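Input: structures, listed below.
Here come two complexes built around chain A, the first alongside chain B, the second alongside chain C.
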Partner chain A sequence: MISPTLFFKFASVTFQKQITYRFDYFMGILNGFLYVFIFTSVWRALFSQSDNAVQSGFTLNGMITYAVMAMVIRISFTQDDAVIYRKVQDGSVSIDLIRPVSFFFMNLAEAAGYSLFHFFARSVPILIISFFLFEIEIPLEPARLFAFALSALFGYLILFLVNFAVGLLAFWFVEIFPFMLFKYGLLTLFGGGIVPVDFFPEVLKVVINLLPFQQILYVPTVILTGHAPLSTLPGLLSTQFVWVVFMTMLSKTMWGAGRNKLVVQGG
Partner chain B sequence: MADRNIVIEVENLHKEFSVDESGKGFWGSIKALFHRRKRIVHAVDGVDFKIERGEFVGYVGENGAGKSTTIKMLTGILVPTSGVARVNGIVPYEERQKNAMNIGVVFGQRTQLWWDLPVRESFEMLRVIFRVPLDEFTATMKRLNQALDLEPLLTMPVRKLSLGQRMRCDIAASLLHRPDVLFLDEPTIGLDVIAKENIRTFLAEINREHGTTIILTTHDMNDIEQLCGRLIILDQGKTVFDGETAALKSKFGSDKLIEVEFHDVAGIGDRLEKIDGVTLIRKEGHKLWLRYANGSDGIGGLIGDMAKEYQLKDLSIKEPSVESIIRTIYQKRVALPKHENGED
Partner chain C sequence: MEYKSSFLFYIFAILVFYVGQVGLLLVILARFHEIQGWDLGQMAFLFSLLAFAQGISNLFFSSLHNFDQMIIKGEFDRYLVRPLSPFGQVIVSKFEASTLAHLFIGCIALYIGSEMAEINWTWKKALYFPLVIAGGVMISGAIRLAVTSVAFWTLRNSSLVHTIVFSSREFVIYPVTIYNWGVQFFLTFVFPIAFINFYPAHYFLDRTGEGLLHPALQMGTPIVGLVLFALSIYSWKAGIDHYQSSGS
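Here is the complex of A and B:
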């Protein structure tokens, strides 16, 4: 049932579909770059307000590197979080369910194709432009780079699992816009895409540690940019792995329970 | 002690949905924030049937009668509230993927093909999904291409196909992996007469030559008359008839419709109505439509008498259609003996 060929085929369907939206492509690069520009300007302004060269463990250059790389990773991780919602809404979930393929596997493959397009079409150009425009320092330690690759994979899976679990709520409620909005809010706030977790007050850090969101962007970014010392890497990866396992079990449970609740239009 | 001849079995199948009946309008919506009124709909309310290998079964009922809901449980899309369903010995909602490998499904109102891909690529996707060996696939595609005239469509993206073209492709897609059970949910809906004919011919052929068991839900009674040896009628979630289509007609279709045209019709209508069993339905110029309720008894005599006394210009005798019989059943809500084929 599960095969690399099948994964590739499902991924390429969504990948090819993105190519048809050419206007989005250019706007996507502009949009991403605009964010990078805004964030780096804000950080520059903030750092210049203080005599301290180091804020919550970051130097200005470190912060700029973080902001750029977090953006690049965030764009590479772009997923269509409304896909399950739409499939339930318009009844096309029936078609997914008559295929002898795991629903989870199909949606993961489709998400991978979708994200891969954003990686090539937006992340790579933004990364290249940013290298020329900003002072970005990435430590080129082989162990670190390998850890980053693994961490990015875990982060991506956790994001997919969060989206998948929220999407499955459509099996119960059909209208899940409030849930999607709430998830998006938590992801933006606690994911590390805008503000690294280090800047949050201790009280909030407790909450953040109980949620999966920092594992998605913050952890891969601090590994890549060197902000996390080499010695912390095994610990960070293990925590991510535990979250992958936990979210997978949660999704599996919701899937089993959700199937009983599913109502499909028609007939 | 599983009878291997039984391909589909359904026992006391139930599916309930809860429907939101909360307040409508402005104040109703505010009230709904605090209290939701729900109503339980019994979409499928205790359905039983067994279908043997090679049968071609029509599954009919008004909209909302529970036809599509049953099909969705048999294909693993929905999970029953209670009761059991088995296809080829597999419980579809428990072993969804395994069941999906053995069945073909066509939804008339929705395509299973990929919207933006050329038809040929959709077929290729399905080949990989159903793990069909390449040589088997090539042979099957050749036959399907021929039978359904798919060649000109293969390079077109599905979104550019007409309804009839898309339906032919969907039928082919459902048969790529040579399933021995086929579920068709209103496959001829919206098609023109010729397209319907071609599809019917094809379906009859695969049922006859390959022994494919076929369940067909439809509103088109011609589908039933031409294809389905067995008919299950559903009303409000319950079966009201399950037996041979021919038996339905012989049992309840005893009326005959006589269309007769005379050279001169003065006073004929009144005189004919006085004959036992004759009702005048319609009159147009020199043409009369009569309903004769006594079946074949005496119809020869009736025709003979008419011909003797009046000058007949044209005459035809028609049997009632399955549709009219079903309509009568619905209107009268007649208590029917459920099983016509001797089964219990």
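Here is the complex of A and C:
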């Protein structure tokens, strides 16, 4: 564990690194907004061709709110998922080992800085534009907002832990890019960032429940948008918490085994 | 090709990556049956045209994705002093394995599309098909080349490449009639990626009517491809004329 001040120091350095590229910044907003526009158009077309105003518990406005909020959360959660891999690959992990702070928390702090940048610089502008262009309905219940904050934190941790674990595979494999593609494909399909889990066939829902991906975007988004009733929130949050604990144990085991391997090799 | 198993795993991972994307489309279609009058078979055909154009243009143009790095690090200078066309050298500087995955998915989508949508393959359609693919490759290649040329002026252009080359592709996974009129106009006349799949698909699927501004547009892909490609070569040449080495 490291002190909060040190955590913020790491986070703010990463934040400042990002803000240097101004052109990247504007293209990033445009890029995010492009996706929001495409997916809201898709949902509009799908809902307009059906007689049912409610599909799997979503009205059109509810669906558009979901699409916008899921995208905003997804952008805030942007992480540099190759960072662990690069550190192991070029050997700079050995320098990190000498540092008097935990490797895990240092990387978490750096990821948080990266994500905070994306939150303020990209998510917030996209959210503001979307509020003017679309009818976004968010139930303003204090208990729900509190549950959302907690759920977003858990979701973020699970994403970080998944990336961390995939990155650590670099201790055993020369090339981990295929694993990253693999993870990315599963996250796109099962994360609920684009199509909420409710629309999936029952068979696939079984698979989805066995994987951590819906915990990352789907759960925080349904909590925020009001799709999940208040009574279900404690259950959703506990499941997320179990995943955080499980993924933490998995990463710790992998990190321990990987670090030993590094020492055996002579560093 | 020395590491055969890792190469195969790589291809497999790329397939999973695309199955993630296609999977979402399938989930939507399983639930709603069609999008704006396009059912599963027709959507599959629409997707196959995009996958072929994308896959083949990746083979030729993927070396352009990191072109800004080539300029920043001064690697491009080496190409300029050799007695070969700089364009040709950049094109062959990298082999793209993802093309195989693209073509594989494209073939499956084409098969499903032509079976389910019951495409009536006449001689004219069979002859027009390769021309549409070639046109699509030229359209997406021209866009990449034009965006790359920007790096001659701005040096860094990776986010521009990401937005224009990759994200914009999402637009034409769906029939463009789901967008408002302004966006349809934009995708037809300003940034004409609708010609890669949406317009020519009407010809093969014998679709008429809605969404088609004019019936002649469905035959436009090869011409649009040639014109755009000629323009992008011009922008590349202008870029090289303007180019000054970064000195590194």
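Heads up, the rule we're going with is that the second predicted complex is superposed on the first by the 260 of 267 C-alpha atoms of A that agree within 3 Å, B and C clash if a C-alpha of one lies under 4 Å from a C-alpha of the other, contacts with A are read in each partner's own complex, and residues count from 1 in each chain.
As a working rule, contacts are C-beta pairs under 8 Å (C-beta built on N, C-alpha and C of every residue); 3 or more make two chains touch, one makes a residue touch a chain.
None of the values given here were measured: they were computed from a predicted structure.
Undergrad: One more residue to check, A:49. First (chain B), second (chain C), both or neither?
TA: After superposition on chain A, A:49 lies in contact with chain C alone.
Undergrad: Tell me which partner A:86 touches in the superposition: chain B (first), chain C (second), both or neither.
TA: Touch partners of A:86: none, neither chain B nor chain C.
Undergrad: Which partner does A:201 contact after superposing on A: first (chain B), second (chain C), both, neither?
TA: The answer is second: A:201 touches chain C but not chain B.
Undergrad: With both complexes overlaid on chain A, does A:259 touch chain B (first), chain C (second), both or neither?
TA: first
Undergrad: Tell me which touches more residues of chain A here: chain C or chain B.
TA: The larger set of chain A residues in touch belongs to C.
Undergrad: Considering only touches as defined above, state whether A:181 meets chain B (first), chain C (second), both or neither.
TA: The answer is second: A:181 touches chain C but not chain B.
Undergrad: Contacts for A:94 in the overlay, against chain B (first) and chain C (second): which applies, first, second, both or neither?
TA: After superposition on chain A, A:94 lies in contact with chain B alone.
Undergrad: What part of chain A is shared between its chain B contacts and its chain C contacts?
TA: none
Undergrad: Taking the complex as given, what residues does chain C use to touch chain A?
TA: Within the complex, chain C touches chain A at residues 6, 9-10, 12-14, 16-21, 23-24, 27-28, 30-32, 34-37, 154, 156, 158-160, 162-163, 167-168, 170-171, 174, 178-180, 183.
Undergrad: Can you check the complex and tell me which residues of chain A touch chain C?
TA: My answer: residues 21, 23-24, 27-28, 30-31, 34-35, 37-38, 41-42, 44-46, 49-50, 55-56, 174-175, 177-179, 181-182, 184-189, 194-195, 199-201, 204.
Undergrad: Using the touch rule from the top, collect the residues of chain A that touch chain B in their complex.
TA: Chain A residues touching chain B: 1, 3, 5-6, 9, 13, 16-17, 20, 91-95, 97-102, 259-260, 262-264, 266-267.
Undergrad: Note which residues of chain B are touching chain A in the complex, please.
TA: 17, 63, 67-69, 71-72, 75-79, 93, 96-98, 100-101, 103, 105, 107, 109-112, 114, 116-117, 125, 128-130, 185, 217
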